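Here come two complexes built around chain A, the first alongside chain B, the second alongside chain C.
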Partner chain A sequence: MATVSPEVSTTILIALGAYLAIVLIVGIVLERLVKTLSDYILGGRRLGPYVIGFSERASEMSGWVGLGLPGEGFSSGVNATWNTIGCFYADLICWTLIAKRLRRYTEVVGALTIPAYLEARFNDTKGVLRLTAAIIITIFLTAYVGAQFTASGKLFAAIMGGGAITTWIAVGALIMIIYTVLGGFFAVCWTDYIQGWWAFIGLLIIAAVGYSKYGGIGGLFSKMAEVDPKLVSLNNFWGWEYSGVLLLVIILSYLAIGFGWPGNVHIIVRFMGIKSVRDLKKAAITAMLLLLVVYYLAISVGWFAKVEFREAKNLIVADPEFSLQTLAINWLPPVLAGMVLAAPLALMMSTADSQLLVTASAIVEDIYHRFISREIEEKKLVLISRIVTFVLGIIALIWALFFGESVYLFVLFAWGGLGAAFGPIMLMSLWWRRLTATGAFACMVTGATGIIIWKSYVKKLIFPTVEAMNANWWVIAILLPIITFILVLIGGSILEGDLGKGLKAATVTAVVNAIVWIPWCYARLVADPKLAAWWYELLIAFPLAMLIAYVVSLVTTPLPEEFVNKTFEYMTKPTEGEVREATSEKPKTTAIVTLRELDIVKNFIKINSLA
Partner chain B sequence: MEFKVIETIKPVINVPQGVKVINTIYYPYMVYHIKVIIRRALGKPASLQGFVVVDLARALVLLADSFPDTFTIKVPANLIIPERISEEKAVNLAKKKMVYVAMRKFKIMLPPKVEIVKCKKVYKQFWLIELNNKKYIIDSLTGESEEIEWGA
Partner chain C sequence: MPLLSLIKSLIAKMPGTGDALAFFIIQIIVQIIMLIIGIELAYGLLKEKE
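Presenting the complex of A and B:
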């Protein structure tokens, strides 16, 4: 195993601390120098399309890029690129099918969050969709934060030369929670932006050293074939060779990673902040080019580590996800290594604190303020937000200690949960007029519950051994129909305002779930009895949730036609801002035009006999 | 009959010629220009400004992009839709909305200072018209209309 001397550890730690201090100072200085600070803070609304594209990309460059993808490159060789393909097509779909319509509609209705968007889109006066969406976001985004804690723990373990990973996860979590609180006190917005660029440069440095050492991509591939022919084989995934149905399922599982894209709220919400709809094309091209470059660099870091160290046990810590750290420490002078290692740490920290604050806001705004107390002072609001942030940090730490072994799988769980719950309804609500509130609700609970059940199954939480899991597969198979039946019966009855209609929606949900989910569970048992291959839960959960949304919508009360017409008009018609931008006209009215007050006026006329 | 002097939003559309306007109804809003000042441990405070509209009849709060153009008019008080919330409550709702917006743009840990830069109570017109022996109400900003079915 590669080791790190105490002197090198100290130098790296000093360099890492210096980096974080420099980022903070540069952030403060830039803020004083740049007059357009407030413009920047407005979510890139007045920045050019290239910066918007970068910003969208930076939002998902977390522990996933710094640790997960290099680990995947190390284990699966060239097949790690399936992941990039899955993400690329999904990002393209989001930019083309979601960005423009969501941007226009949320501007008109004044929605700041995805739960608020759903409430407005389905005219959900009871707040069922908003509450459900906020709860799902809280569960999965907190898990996402936990993945960042795990990643930081692994980074510290590498720098300090090993030790109990759980201890380092706790240390990493503590540092990140402090960073979040400090970030809140300093409110330096430029730091995230600088850190995004530095992470990119860090990967570039390692890749430049690697390619110069192995003679470009051709040389690297020759060396990979020489070290282990499986690395350039299309049958190799995570060190095992597959063929036939299992190979197909694994490849589809990789492509299914893309299904998560339209539902990951922290990415989708960026579309709502884009100023100019006209610039969308340029922003999309920038974002997708960056995706290709960053993912390729991250995966190739894993390839270099494999060629250089052959086995995971030769890395600083015996785990493929330590590829970047091991290469940085072995290839670069300690000070530069510290700076390069600071890059993924910085990314994790900025990702974790953003996700923590977004989740806290979702709880405070979408749950506390909407359902518990509408009368709340600003001071109390911020205080509650701080408490919630801290509590969520602790929950994320528990998640991290629980799932601690792999950042890659941990992120995929959170990614899958958000993707299955929100992906189908984000696409359908923007394109399908017949989608109903109950259909959307059934879709959300099916997606989220399916992912949780499947993960519990694979993690052996329900049955502790493979044999017990195989023998009792039917328990998992019937859990989803039963749970979704109960949830849809409650939610559907409230949304429809009728127990009978709720029962109908719940029955349809349970039946469709049973028809699709039970064979899926059985197929996994038959095709892969040792549970050796990776079957990504999103591969089934996403299309199943979409099917549920479709079928349940057909059997529940449609939204009033006039309301739907107006909704789609808002999505497709250029907004006032766009018209002004094109014609340089002075604003004629405010967003008042968006309120639907006709019913109030009609009622007033009737009561006062004015007609 | 009691009359009131009010600020009314300039209509965007015109009533078609030959259409008889039976009555004009006035719908109340408060429009606020709000500045949120975010205090920080180091460095000068950051600020965020925006426009918020509060629907006084339904207590709904929305973001806006500017103040509307208005004109002053004297109207019968019985044609004004009554307010369901007080101006005090409206200002609290508007402030809160801007704080939420600020919390999404900034990482806020210290309670921010909220200033009302400007505020105005404005009314939007709805025309009650008669066309082909049917009665409709028309939104003066969007042109949206709806038939009144219960008759005169």
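Presenting the complex of A and C:
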């Protein structure tokens, strides 16, 4: 069944083709800028504030903004804005508490990736933290890339009338893989910039038509109240009225989506790539304003669609998530409709390319370069990075083409898993001096394992029926303490250099996990099982991982005081570059780059020799 | 409070919207204020710190 007219189909194809051609050209043009591994995975820290601001937003927004938020607006009315509230404060925390310190410190120690940052921050000479972090990133993000491919293929097949999902997936994915392989971080950020503008303008066009049609925000709300009073009810979620504890749980779960921000490495790595610390302010304002405008416009699109079409069955594919597409086809001339319809694809590609690059960086820089071949030439490293990026992209593509549904199972874990594994560490390592390497390791494994166990259980992967789930709740309750005990015993013993200390850390991890996790499982799965699915897993996994990091750090060997002082000095004191910029001294490119590289090496040696 | 009066007058003009319009407008205003405070504390919005 064709869902759009042939004229619109052709225009969509042209708009899509134009978009794909633009991003491909960007990749080809920027290829010449990639000379070193730093260029490939971090753009040589040379990107400006507006590109980084847009890139940070585009890397996060994905199909969620083009499809999910309009769908939420359609079903939940004004309460869909709880999404924006949770995401806004989470991103504000990242820009204000993480960005500056992370940017400064990673430049001084020469860390190009988040696992490398963790290794330097905790003076982990054995590389346990780095290897663990790289493995977690690789597992979660490769599946995530595959899911973006699958989602974009389904989206376009649905609009264009089906039958060509594999073609859509393959074409979009191959172009994205090519520009990422060629231009690395430069291409990813600049295409994010284009993709961000594309989505912003697309939503703005629809919003301009909608708000002028309904007489502004007040007129729209009056119309919403007239069409369906639930849309302006503060108790309505997805068309159902809630109150009391359940309403509070749903709102808290919405807000808890924000816990995923600090740990999703493909987003926070943007802070490390900006040209100057002084540019972070402009980048932060750009990103935050873009978030507010795009999120509210995307939710408004759902409201327009509800007022205009009333029922989901009247949308092009009878799904609230297709609100944007339905409005574009009905309200706009074919050329503009084609542009707007390409926007969700742009958002998906902008997320997938960032995830692909971060995964390739983890494999090449954090595993191959760190553990297998430390003395390799830069040129070879860049070549290997490109090959790995290409191979990973193809694996994700094959996965999406042949096992599309199973990819989604992994994605269910990815946002929460990365958020719980890395979020607490990122915040605590930049602000808490007493955090130890073993504390960070215990936090990482608790967060990732907790999310996987909880999600598998609630999604009935372990016990397929509700009765079996209720009867066997204790299995899920004891799994986390047992698994984390084993992992922390191994990792902690290596990090502490002593089996006894590792055993102590593992015992503390297991006990704290048991104290929190067993009552949680009982309360959620036995006392009130109906509520279990409403509790977003990050609501428990993030604070629990943070608590584990705190308690385990207190019982394990602290880092040498002089080392910690130096570490926090690097995070908080302006770098040479900042001082030079403040005094308006013009950069002398070659000489300064050389001096800076020397400084990085010296500082790194200094840090390691202190411990 | 002029801001509160403005919000109340907006709601009064739109019967049937309940508290929803106020909730929507207030959250945007609070977010803008929090953005200004956050950026000021972290980077110095109004003047260069370093």
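In this text, the second predicted complex is superposed on the first by the 451 of 611 C-alpha atoms of A that agree within 3 Å, B and C clash if a C-alpha of one lies under 4 Å from a C-alpha of the other, contacts with A are read in each partner's own complex, and residues count from 1 in each chain.
By definition in this document, contacts are C-beta pairs under 8 Å (C-beta built on N, C-alpha and C of every residue); 3 or more make two chains touch, one makes a residue touch a chain.
The structure presented is a predicted model; accordingly, all values stated were derived computationally and were not measured.
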In the superposed arrangement, does A:Y296 touch chain B (first), chain C (second), both or neither? second
For A:S385, decide between first (touching chain B), second (touching chain C), both and neither. first
For A:L92, decide between first (touching chain B), second (touching chain C), both and neither. second
Based on the superposed arrangement, let me know which partner A:M288 touches: chain B (first), chain C (second), both, or neither? second
If you stack the two complexes on chain A, which partner ends up touching A:A362: first (chain B), second (chain C), both, or neither? neither
Per residue count on chain A, the busier partner among chain B and chain C is B
Mind sorting out which residues of chain A both chain B and chain C touch, each in its own complex? none
Using the touch rule from the top, collect the residues of chain A that touch chain B in their complex. 28, 31-32, 37-38, 41-43, 109-110, 112-113, 180-181, 183-189, 353, 357-358, 361, 365, 369, 375-376, 378-379, 381-383, 385-386, 576-577, 587-595, 597-598, 600-602, 604-606, 608, 610-611
Which residues of chain C touch chain A in the complex? 10, 13-21, 23-25, 27-28, 31-32, 34-35, 38-39, 41-45, 48, 50
In the complex, chain A residues that touch chain C: 77-78, 81, 84-85, 88-89, 92, 95-97, 99-100, 217-219, 221-222, 224-226, 229, 231-234, 280-281, 284-285, 288-289, 292, 296, 574, 578, 582
Chain B residues touching chain A in their complex are 9-10, 12, 22-23, 25, 27, 29, 31, 38, 40-44, 46-49, 51, 53, 55, 57-58, 60-69, 78-79, 81, 92, 95-96, 99-101, 103-112, 114, 124, 126, 128, 135, 137, 139, 141-142, 144, 146, 148, 150-152
